[in-house]
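Take a look at these structures.
Each of the next two complexes has subunit A plus one other chain: subunit B in the first, subunit C in the second.
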Partner chain A sequence: MNYFPKLLALAISTTSFMVSAGEWQGPLGGITNQVIKQGYSVFSDSSQQLQQATQAFCAAPSDQSLLQAQTAFQTNALDWQQVQWLNFGPVTYFMRYYAFEYWPDKKGVTQRQLRALAQGDPAVMDAPKFWTSASIAVRGLTAVESLLYHPDFTPSESATQCQLLQKVTAHHFDSANAVAKQWQEAKAQDWVFDEEGSGFDAESVALEQFLQQWIEHMSAVKDAKLETPIGYNSRENLKLAEFYRSDLSLKAIQRNLQSYREIYHVGSPSLYDMALQKSPELAQQLEEQLTKNIKIALQLPDDYFQSGRTQEERVELAIPLVKSISNSQTYLANLVTTLGFQIGFNSRDGD
Partner chain B sequence: MLSRRSFLALSGAVLSAPSWAAITQQNTGATLYASAYSLSKTEHFFGLFDKKGDVIWSSPLTDRAHAPVIHPNQSIVGIVARRPGFFIDFFDVSNNQRIQRIEPTQDHHFYGHALFTHDGSKLITQENHYPSGQGKIFIREWPSGNIVNVFKSNGVGPHESVFLNEDVLVIANGGLQTHPDNDREILNLDTMQPNVTYLSLKDGQVIHHTAHEQDLHQLSIRHLDVNSNGVVALGFQYQGELWDQVPLVGLSRINQPKMEYLPIPENIRVRFKQYCGSVCFDQSGEVLAISTPRGGFVAYWHVNSKTFLGVENCRDVCGLVATNNAHEFLLTSGNGKQLLNNPVQNQTVMVQNHANMHWDNHLRSIKA
Partner chain C sequence: MKRFLTPIAVCVSSVMLTACGTAVVKNETSAVNAESVVVHYADMAEAIYSDSLTTAQTLRTSIDAFLAEPTEANLQAARTAWIAARVPYQQSEVYRFGNAIVDDWEGKVNAWPLDEGLIDYVSVDSYGSESDINPLYSANVIASKNLMIGGKKVDATNITPELIAESLQEADGIEANVASGYHAIEFLLWGQDLNGTNPGAGERPASDFDLENCTNGHCDRRRAYLSAATDLLITDLEEMADNWKQGGAARVALLEQTPEQGLSTILTGMGSLAYGELGGERTKLGLMLHDPEEEHDCFSDNTHWSHYYDAKGIKNAYLGEYERVDGSWVKGASLSALIAQDNLALDTEMKQKLNATEMAAQAMVDAAKQGQTFDVLIAMNNTQGNQLVQTFVDSLVDETRVTEDVIHHLDLQGIALEGSDSLDNPGAVFE
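Presenting the complex of A and B:
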């Protein structure tokens, strides 16, 4: 009976781990060190800068200091996009993953809860356990975006709102920093849940988890970030686009697509290198498609998610990107199977 | 409706099918296990394996299937197509023959589960009348397949049902309205109202039903099992957001107005990813097991005390069945594992790992 993933020390002490240890060390180490650890380090740093910028803004509210806080927010939100694909490891504790970004907030929960907090006693937020029990809707970037961009909030005119903004950014930095630190002190295998039976290889299972997360995120980028808000298959609702108030919806997609190529290429050997050995044609197809995704996304107009276009125009512009990401999904799924991973036979069946 | 000639041929085939006892005596174990499995995206099978995990019988399928249905007396097994399902194939294990295919009537599809009555004379299926979205319970004569009764399931999306006793069927009305033209797209996400219904098989009357409070209306009640004390265990699949803090496992009784939700430590609950697969009581009825392929584990409770016992990690696990031993379960996974697990004694034994096989959602045992 296992409640928690075993520590590395336990994992490497098992015979089963030793049997195939090393096979996936290249891509796993590369992704862990160069994408995740580095990504969270950057995210943590810009979270701190966001906290400092909001402090400066609240100390001396002005258009200039507000703009600086908004710029810091945008940098931080885009740094988040680099690591957003992975809901695994320390980010899963205390609902941090969903707290970093509470999206899509279809019912406006964030605004409602922020209003309640702003009207209440600010001292409650200083209570030791406040943030561990606080709603995820007010703990991260979605809340910060609301406070900086939503017309209901005017922190430059309201001391209580500004105080709330500072509290949220301080907590957000604490969380980002905690995740970054935990990654620095650990390996991916530490967060794999040990299983009974010979042949269990924590390294392989960790990489399998990464690949599963990558596949799922690619699906979310196509469906939730692109198709749903523009009404690709149904009614348009641009407010469902990610970070639409701060106009980061397109940039977020672009950043996600860039992170995919990094996942594919980091490490020695990288996933790409290993795929080339196993199935050169498929490896190359995915490589070309990932590059094509980035190029097509960069060709979309900067104001793509803003009003001023018809739904038809927006859908027409999206078609090449939707098709390209869709092809990437197919190639990635095939490649993962070709490399010997078995992902989601039952877990993705959904019944 | 079968022709007289077909009926006579089918009756002959069924009559000649030996009992399960006769079949198991030819093999090493007294218990067999049935499950669909796949070797690839295009190679699908229905198979039986013994307690050593060796596949002793299998038959190819035209498509991926969902849950087996076992005839109580004769060596006949059926497999229900994956939702939206349009066939149940039945096989005589003794001669490897497919003896019958039952298809739904016009404008209906199966939900992936079916069951035989205790005497094996009738087959019960949960079906979707998709023009209306109304859930139906069909009762067919076995082996002819002739429909003898059709009852409303008292809800939408009746996914699985179990017998409380010979006269009462407990139905998990999942609440999800779908139409086969749109595969599994949920058409009523904002208005869905899942419930558990206790239905009289004598006249189709609703004896009792229970549902969640309105704020949990997206908590689909999908799979269930019942123990000898009449406790019905329920596994949910939440259609709302991944971060919502909702109960995932419940208990119901015919004389109890409301469902009870079982406690789950929060660090475990989030790992479920809002999704329960199979629901199964152990042989004693004291221990409840719920698999979650998305979470990659099976969770256990002591039912009477409502105590959470722990989890057994197993990626992509879904198949779950009680063995003949108290507190012991057999688990199957999408990556080929067959595990014996006793959560009370904290014992786990790998039966076999068929690395090339993907065991499908549900597992059933055959006791000779």
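Presenting the complex of A and C:
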């Protein structure tokens, strides 16, 4: 996923504290096993169902089978939202993270490249390593959404487009399955590396990266997913909303916010438990704010991102959620610091 | 996105800061101080923008000659003048990011990428006919005397610099509506590159500007657009060249800061251009998408030189030297000399990294001479080409890491370097 045009990755801050071995095992293990491994397992399963649904659709195109493929797509796209916050570990290989979802695609790269693939020799797509080295714009959910919803594509009438759809969903499942399998066989510490060779606590570094990714993603949800498309601070452009064609923009945000509470509470002890020990008030503030985020997001009307209301109305409705997520960002950043992690800079801020 | 560095407690010696006064040091062997480095950086900017202006004026002369006699030879001469004009301008890009005046202005002259269908005819097969984001995606101003922009009717009967600057540039608030600057002119001189990731640049015929033998229609308006866009480029460059003269706004804004803030400005430009802009947005993203639209000079296939001179500009800023288009040199107090005074190893390392980047850029230039232009290099399955581009990205990342060391060494506060989505975890991309 490419969703934020300016995301930093040059260097990761270093932990400024020494911890005893195993101190972070509870939250790290909880997040790894119950959020990441489970999340990718579910995502992989629904990727397979999407592949099967597109196969069935192309075998017998009809309104009914198209609808089934679209439904499978929606399920899969929302399962992705559960793990979207983390660009770490197996998903970073072969550009999988960006390939699962290439968004926002402001230049229509996905459609242009899909058109080229559909018009070209289909045998090219069967070449070894084609899909792992193909453009990130055509390898995942953004491409599938275009093929299933974009008016330029009519796979029910075009065998070549349907063939393309099947190949994309097959690759997408392969990727999701590979990530899920790699996680099943690994632990988070396996995916952090001592680049300086000076020794480090893999457990704390892994958790630090989780926390950093969480903070960054929270910022992205508020800015890129909510504020930007509705024109909270500038001009409205609803087509900049995530998965707007399939009308998943609001549901995606809701899923993201739900995943945050899971991150906070899984494990024994959980981050929440450890935060209570260190700073009870702050721990509780974050807990309440994360809960509030979900409540407010769920109260937004189902057609929130659809046309039919004015920009002013939409912004008015968004204000409580924007404020709530902003508060969450502050509490989370403070809590992370209180726990002794050093998150040195702001990143996915969309600036 | 900006990254805020956490400074470490290594201070520049206060003795060193006061030792040399305000004089510009022209001899590299002399002691330099922060102030002299910043003043010389401004002097270099004056020279670079002055060269950018004169080469744009030469471009104007070539375009005038071409429009007077629209032959293929004259079109080629205009294209050559455009490529020459890019040489100083690309070296000026290191002045972006750190200098707000430059950054605010830059979009008028070098905005990229553009939805060229705003300006002129395009091939629907490759370009498509509409965009989710941009209602003016295929507006084709050259073919349309009336436009609807943001719900308002715009009279485009006369294509003038004012029309381009005030109504078309970033029309409807959309960045891809690039109507002015080098790339708009590039599109008019070359046309779309319809070769995808195969060799070959745009092949617009000279007759597109020939009133007596007009191809693709509206030659009078195409001529008017080319003239107006070139005049506008010159006006914009005049503004920036003036900004760096004695008493100019950019120079004053730079020198009103403390010398340390001035150093921060220099290093912000170096790091942001190297990492987020050149390494990320202009190069790495092209590799990730394998898309010819992702090359900076996508109509002319001049990207290898543009990247080379961007990198050169970063090196210039560090070394305090710039070779003018007439072959003369501007040399003076440099960051390099400043660092070398008390950390020779760091200065040596920085220079090594800058040289490595230059070599990586030169390798792309050499490849282009063999027909492997940037759009060919980033093609899927061009393993060697991809690696050549990746080496350039890696060298820019390495360079930026040492730039950070320089920032830390100087104990500079609150520097924010532009990042890039596409550079996240670069080591894992081509496993």
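Please note the rule applied: the second predicted complex is superposed on the first by the 320 of 351 C-alpha atoms of A that agree within 3 Å, B and C clash if a C-alpha of one lies under 4 Å from a C-alpha of the other, contacts with A are read in each partner's own complex, and residues count from 1 in each chain.
To be clear about the criterion, contacts are C-beta pairs under 8 Å (C-beta built on N, C-alpha and C of every residue); 3 or more make two chains touch, one makes a residue touch a chain.
Worth saying up front: this structure is predicted, and the values here are computed from it rather than measured.
> Based on the superposed arrangement, let me know which partner A:Arg112 touches: subunit B (first), subunit C (second), both, or neither?
The second partner, subunit C, only.
> Using the touch criterion from the header, give the chain among subunit B and subunit C with more contacted residues in subunit A.
C
> After lining up the shared chain so the two structures overlap, which partner does A:Ser133 touch, if you call subunit B first and subunit C second: first, second, both or neither?
second
> Could you look at A:Val205 and tell me whether it touches subunit B, subunit C, both or neither (first, second, both, neither)?
The first partner, subunit B, only.
> Should A:Met95 be classified as contacting the first partner (subunit B), the second (subunit C), both, or neither?
both
> Is A:Asp194 in contact with subunit B, with subunit C, with both, or with neither (first, second, both, neither)?
first
> One more residue to check, A:Pro320. First (subunit B), second (subunit C), both or neither?
A:Pro320 sits against neither subunit B nor subunit C.
> Figure out whether A:Lys239 sits in contact with subunit B (first) or subunit C (second), or with both, or with neither.
A:Lys239: touches subunit C, not subunit B.
> Quick one: classify A:Pro122 as touching subunit B (first), subunit C (second), both or neither.
Neither partner.
> Is there a shared patch on subunit A that both subunit B and subunit C touch, and which residues make it up?
2-4, 92-93, 95, 98, 136, 344-347, 349-351
> Sort out for me which residues of subunit A touch subunit C in the complex.
Residue positions touching the partner: 2-11, 13, 87, 92-95, 97-98, 105-109, 111-113, 115-116, 127, 130, 133-137, 152, 234-235, 237, 239-240, 344-351.
> Tell me, which parts of subunit C touch subunit A in their complex?
1-6, 113, 115, 126-128, 131-133, 173, 176, 196, 275-276, 281, 288-291, 293, 380-381, 397, 400-401, 404, 417-426, 428-429, 431
> Which of the residues in subunit A come into contact with subunit B in the complex?
Residues of subunit A touching subunit B: 1-4, 92-93, 95, 98, 102, 136, 193-199, 205, 208, 342, 344-347, 349-351.
> Show which residues of subunit B lie in contact with subunit A when the two form their complex.
For this pair, the touching residues of subunit B are 38, 66, 82-83, 112, 159, 184, 222, 237, 242-243, 265, 267-268, 270, 275, 277, 293-294, 296-297, 309-318, 333-337, 339, 341, 343, 346, 348-350, 353, 358-361.
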